[in-house]
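In the two assemblies presented below, chain A is common to both, partnered first by chain B and then by chain C.
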Partner chain A sequence: MKATVHVFLKPGVLDVQGKAVENALHGLGWSGVSGVRVGRVIEFDVAADSKAAAEAQVKAMCEKLLANTVIEGYRAEVA
Partner chain B sequence: MKAAVIVFPGSNCDRDCKDAIERSTGAKVSMVWHAETALPAGLDMIVLPGGFAYGDYLRCGAMAALSPVMSEVRAAADRGVAVAGICNGFQVLCEARMLPGALLRNAGLKYVCKPVDLEVANAQTRFTAGFGGKRVVRMTVGNGEGNFFADEATLDRLEGEGQVVFRYKDNPNGSSRDIAGVVSERGNVIGMMPHPDRAFEPELGSADGALFFQSVLASA
Partner chain C sequence: MKATVHVFLKPGVLDVQGKAVENALHGLGWSGVSGVRVGRVIEFDVAADSKAAAEAQVKAMCEKLLANTVIEGYRAEVA
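Moving on, here comes the complex of A and B:
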């Protein structure tokens, strides 16, 4: 099964990278842009007997390594 | 005193730390590779050095925190051994949840490399007892992700319990409440972004870092 994990800084945690990208977009003339957040997408294949089992594995991976829940939130999809 | 410096793939201050400890304290220093599953016996201090462990891939310190040797470091800390994470080592200790908070990208977006003046916010720890009456010390920072972050409740608790050990006099990276170094609740695990290992002899611009290593020796 294919897993896709999206990791973003939590709201309230300063995303300086997002801020820099936002400033660059403004500089290019897109003055209507606001609230840019830069995160990461992690994709991988996972072997499991069922979708639920795969989801449980992926959640554990997120909690242990893929996201730092002190500062980041995540959204995982298995298909 | 016996000390160990943990070497991760991508560490680059490991030999500086070894020299700094040896020259400041005369201690014997072992270099321990990240894949080891045992530490030398009778250690008084373990240092996680600066650098870019595991290339800083995913997040700074994230994969280093899960490397084999870290279970031993954690067990040693639980036994009361002094553990110091310097720069990248601080990031590793936060990722390992051995210290609270996390290090974010610098607020100014720049890699900052310069000497900084630090207020010794708690001179009673085993890492700072040797500073004596010295309340401001100078060390060097070199980081792109040294912006200490923790939620407000955690920051209040750290301040209330005396766990903030060093504060920047002039915050170079946006760290919450100017925090440059924190110590664990039990007081034997410290994380700090400034490098005592780059300030242990007058020729380096400051010898204040030597007092840091000597403090640990005195308490060993």
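Moving on, here comes the complex of A and C:
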């Protein structure tokens, strides 16, 4: 089954990479851009008997490895 | 308007970060995981008169700054 995980910094956490991208876009003339947030996407195949089992596995992976849950939130989808 | 840009390495390009994540997941006992690809997501607000205008702006941003089109592909959505 195909899993897609989005990892983003939590709303209160300063996103320096996002700020850098925003400044660069402003510098290139796109002054209408605001609120830039940069995150990661992780896509992979996971072997599981059911969608529920795959979702449980992916959630555990996120908590253990894929996201730093102190400062990051994640959204996992299994299809 | 809210824009979301996904940036991934092109299929032929070795994804070392993905390989590292895959090896780490195998090491933690998830041997059923394969084909891990790691990409970036960039979310931002863009000021534009119409959805088409916003899409054109976002496409130009991707080509100029957000993606390295030599080795990366991108998918842009405006909502």
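We adopt the following convention: the second predicted complex is superposed on the first by the 79 of 79 C-alpha atoms of A that agree within 3 Å, B and C clash if a C-alpha of one lies under 4 Å from a C-alpha of the other, contacts with A are read in each partner's own complex, and residues count from 1 in each chain.
We adopt the following convention: a residue touches a chain if its C-beta (ideal position, glycine included) is under 8 Å from a C-beta of that chain, and two chains touch if they have at least 3 such contacts.
All values derive from a computational prediction rather than experimental measurement.
Colleague: Who does A:D49 touch here: chain B (first), chain C (second), both, or neither?
Modeller: neither
Colleague: Between chain B (first) and chain C (second), which, if any, makes contact with A:V70: first, second, both or neither?
Modeller: The first partner, chain B, only.
Colleague: Of the partners chain B and chain C, which touch A:V41 in the superposed model: first, second, both, neither?
Modeller: It touches chain C, and chain B stays clear.
Colleague: Determine, for the superposed model, which of the two partners chain B and chain C contacts more residues of chain A.
Modeller: C
Colleague: Go through the superposed model and pick first if A:W30 touches only chain B, second if only chain C, both, or neither.
Modeller: second
Colleague: Could you say whether A:A20 touches chain B, chain C, both of them, or neither, answering first, second, both or neither?
Modeller: first
Colleague: Residue by residue on chain A, keep only those touching chain B in one complex and chain C in the other, then list them.
Modeller: 64-66
Colleague: Hey, which residues of chain B end up touching chain A in the complex?
Modeller: Where chain B meets chain A, its residues are 58-59, 62-63, 66, 94-95, 100-102, 104-109, 147, 149-150, 174.
Colleague: Which residues of chain A touch chain B in the complex?
Modeller: Touching chain B: residues 9, 13-14, 16-17, 20, 64-66, 68, 70-71 of chain A.
Colleague: Along chain C, where are the residues that touch chain A in the complex?
Modeller: Within the complex, chain C contacts chain A at residues 6, 8, 18, 21-22, 24-25, 28, 30, 32-48, 57, 61, 64-66.
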